[in-house]
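Both complexes shown next keep chain A, but they swap its partner, so chain B is in the first and chain C is in the second.
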Partner chain A sequence: MTDSRNGTGGLTRPGQGEPAVETRGLRREYRTRRGPAVVALDDVSVTVEQGEVHGLLGPNGAGKSTLMKILSTVLLPTSGNGRVLGHDLATEHRRIRPLLGIVFGGERGLYPRLTARQNLRYWAALYGLTTRNAVARTDALLDELGLAERADDRVETFSVGMRQRLHLARGIIGDPRVLLLDEPTNGLDPLAARQLRELILRLAGEGRTVLLATHDLAEAEALCDRVTMINHGRVVAAEAPRTLARLVPRQERVRIRAEEPLLDLVRALPGTLGTEPADDGTTVVTVDSKEAVGRVLAFVVERGVTEVRTELPGLEEVYLQLVHRGETRSVVNR
Partner chain B sequence: MSLLAAAGRFQGRLVLTHRDYLIDLVRTPLLAAVFLLLIRHNDRPDLLANGLLAPVLMGVWSMAMLISGEVVDNDRWLGTLELQIAAPADFARVVLSRVWVTTAISLLTVLEVAAVAILGFGTVPDVPHPGVLAVGLLATAVATAGAATLMAALFVATRTARTFQNSLSYPVLLLGGVFAPLDRLPEWTHPIGRLVYLSWSSDLLRDALAPAAVTSAPARTGAILGLGLLTGAGGRLLLGRVVRLVRENGTVGLR
Partner chain C sequence: MSRTADDPRTGRRTRVLGWAARAGAADYGTVFTWKTWLLGWFVRMLAQVLFFATIGNLLGPGQARYLLVGNAVALVALHGVFATASTTWELQNGTLPLLVASPSSPALVLVGRSLFWLPDGVACGLGAVLILGPVAGLPLTAASVALLTVLLVLVAVTSYCLGLFLGSLVLTAVDLRNVVSNAAFTVMLIVCGPEVPSDAVGPVLAGFGHLLPLTHGLLAIREVLAGEAGAHTAGLAGWETLIGACWLAAALAVLGLRARRSRRDGAALFLT
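Up next is the complex of A and B:
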């Protein structure tokens, strides 16, 4: 990604087949009454293409929510530039707002004492829908998200999963082109989380761009075309989940089912970095190169091990390595 | 128009589900009873108009101030304030669209006070100028909605606005001639009081209950509306500035 295309701080001008979301050198500081300012985001450059499901991964406090707030126009960056569908975040927020749908996770964002229908009708008005369109859109969304039967019940009587579906309905009431989802499955049980993920994929299938902030790696791996990893307010890596695994090429893995004396011998092989027992009773051997993989494979097969396979590290391991080691990489293209 | 109607309907429902928002509808008849009792005890029937109007104007003001704060405070707590600011609708219009319903509901205090006078004290209020009374009340409600928008800006700016609001109410009611006509207050207060729309409201409404002809009613109604709209415009401007400020310092959603 080049940064000096057209004198707009490296950003694409509107009408150039612009990305859905594009930030360059975004920085956000929070002033404190005493002591130095806290840096929540530092030099964050992210590009999300139209129609993409993009994950924003990072531990709590990494800066994901700050970035989401800046993109949703409720927070201004201290410095740097950002555009949503070609419109400048700092100066064109009125043009951006109708294009965005925003969903925060957790309990916040709805009126609990009103019904689902009343909530949606209000948000429909805020997104400029006429009364007739608001009625039709509300009914359609309640039906689509499986809330039609409880449409006239107070939200405070809803389960967490139902509330989250209602959050999603509220987020798309204005038929947004870009959907910002901040930890949408937070607090959901596995079944409700899976249902919500299916809904997110369905929405993405309608051509919307989805930016999903999450610390759930499996969720990112299942939903996202690309992920941007953030730690301590900085972008650590940005790639397709599968490609990200290649960022740690030395971490080839061999999964074997073997007993301890043999594992001791495997640990002694050149290039073996370590072993770790897995939940299914197998052992994962981590090695530093493809040669070492071949060495381990030949060694264990010669000794009669029949259950053996090689695998790339999953997103979780990449995440742990990149985020927890604090290793900074600037890989921001596909 | 759609936002005004939809947000108004929404706020009406919200008020009905949060009964504590209607506390002024409970308090106003009690206040009316106190004022009317004092008037009877001191044998001052000439003060009847004051006794009837003071609880009404206090109720209208108090309810609008309560709701303008709650629109911001409660929404901040629910996490809906950020979402409303991020929505395409102009936030000041949203606030105004939600507050006007409340001021409309607060006009029910007129019926309550009349009921207390009739049923509790056997006094049927004489209304020699019902048209002036109706127009004056409506103009007062509109102006109060404007003042509430100004107050909402304060609540967006700071989370401790309630204390300020509580302290501000009595000086405004006093300068607004709600308890006694402005000309009974020290002279130096008159120029300040005339900038408070309530002083024009209370004078006009008192005159509407007096047998003498009401002079310059259209101009005085215009003063109420003008000051109210000016306050509302100031509120809208301030709200825009404050929203910009909280977007800069990152305190929109802080609870």
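Up next is the complex of A and C:
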């Protein structure tokens, strides 16, 4: 798959069971009128298999949106190459566009003075659906996304959550095989965000490939089969969330429900690095090795603690370690 | 899979144009209701034509009629040139990147989204001639009104093409949209013949006027209203059509160029 001798810059040719998205060495610079060029992406190689939900994680300005724009064919890379379902991003954008659905977060991207139904019919026309198919698909999507009752209301009267669901409906009106979601839960309240995530999972369950750019770590952890972390335009890590969790330093965690005198004793055990109270009333004990985990488990169980479990660090910790502490060790799964 | 690969291109383009026009009309609906249009905008347009006709009346015999017709038709062109500004409305919706990433041409959407100006302009121009014409002693017959209507639609369309071209130039320079459309219309008033015959502005400006919409259409309309419609009138209409087509082609070329350039250099056009 990465054989650079095939003349495609290491990329898979169409018809080889190609990945949904594949980039190699993408670089994107923005020229400025004064001063040096700004590098938004630098040597970005990402592979997203068909049917995968893939997270693109990184802080604001990391380069996620630039990568999304390149993949959505509205921007060319300065160097490097990429393919969507085997089609070259630079030269075959007309073949790629019907295969893509694109959803941006935020308020923009809809016609606020048209109704929800009219918006979908409009985009259906843009994606080449016949009138009959457009009517049927619009009705089905409005129903599926819970917008049927407000279908004939102007979008400008919609809540942020309803608009975002309509964005999603717009993004899939053309029945895309690859869905690019750029921070789709941005600005949503927790309930609306949760509903939208359920919708995304449902869409992924239909066999679509989903590439999700987000800085919401819980969202990525809940939705994604794999995540790629980007910082300062470079890929910092690319793995399954659980695999990534194993890559951060050998800190393991034991979550227990216990009172303070016992916790004091736990802190004194060899290998215990510290304890931290959690919101649910339990305490998270951080230890430095698997042996220490066993030691803590045996200690608390012997003393009658029944609520106890081990866990790996969450994606948030991985993110903080790899992105915010500037660690750029090679953990990219090629 | 509901996508239909065999969807004929013409049908698809027609549907896109239709929906783009509908989206534009919805935006326009926030500017005017039919009442505010009729009692505000239309009356204001009539007042403008009447003002110039009155000046013409002071200038001498036949001048009121000349200025009335010229300014009524210029109003139609003005509405076409309004497309310069309304083309940029697409940018405000944040839909341009999505349009560019869609399988259809964003240029098609931009062509359709300001079409609402055409009936508005034709209604203003035709209304001005029908209501104020008798005041200036303009003889109107059913046949001349029918021909007048056709030619007004033609002028509206050709001016719209110029508006699209200018709009494509200032698509990302939103601050310039009204400056450019006003400047363009002022130039048209000077060189296209609504106020003074184009040969009165000198050969260079007159030659420039012949490259703009309105000039030939207005001459054709003057012939129709003078009861002199004939082969020459048809020729003038033909020139008007050709010039409009050229401006449309220029607009599409600029939009295509901008899309390609934006994809390459990451200009602001499609990155909002």
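Assume the second predicted complex is superposed on the first by the 267 of 334 C-alpha atoms of A that agree within 3 Å, B and C clash if a C-alpha of one lies under 4 Å from a C-alpha of the other, contacts with A are read in each partner's own complex, and residues count from 1 in each chain.
Here is the rule we go by: a residue touches a chain if its C-beta (ideal position, glycine included) is under 8 Å from a C-beta of that chain, and two chains touch if they have at least 3 such contacts.
Treat the numbers as computed from the prediction; the structure is a model and nothing was measured.
With chain A as the common reference, the superposed partners chain B and chain C clash. Contacts of A:G128 after superposition on the shared chain: both chain B and chain C are touched.
Contacts of A:I102 after superposition: both chain B and chain C are touched.
In the superposition on chain A, A:T214 contacts neither chain B nor chain C.
Of the two partner chains placed by superposition, chain B and chain C are both touched by A:L75.
In the superposition on chain A, contact is made by A:R94 with both chain B and chain C. With both structures placed on the common chain, the touch criterion links A:L110 to chain B and to chain C. Of the two partner chains placed by superposition, A:T23 touches none, neither chain B nor chain C. Within chain A, the residues touched by chain B in the first complex and by chain C in the second are 28, 30-31, 69, 72-76, 94, 97-98, 100, 102, 104, 106-114, 118, 121-123, 125-131, 170, 174. Here chain C touches chain A in the complex through residues 1-4, 7, 11-12, 15-16, 18-20, 22-23, 26-27, 29-30, 93-95, 97-104, 109, 262-266, 270-272, going by the rule given at the top.
Partner chain B is touched in their complex by these residues of chain A: 28, 30-31, 69, 72-76, 94, 97-98, 100, 102, 104, 106-114, 118, 121-131, 134, 154, 170, 174.
Against chain A, in their complex, chain B makes its touches with residues 2-3, 5-7, 9-10, 13-14, 17-18, 78-80, 82-89, 94, 247-250, 252-253. On the side of chain A, the complex with chain C involves touching residues 28, 30-31, 69, 72-76, 94, 97-98, 100, 102, 104, 106-114, 118, 121-123, 125-131, 133, 136-137, 170, 174-175.
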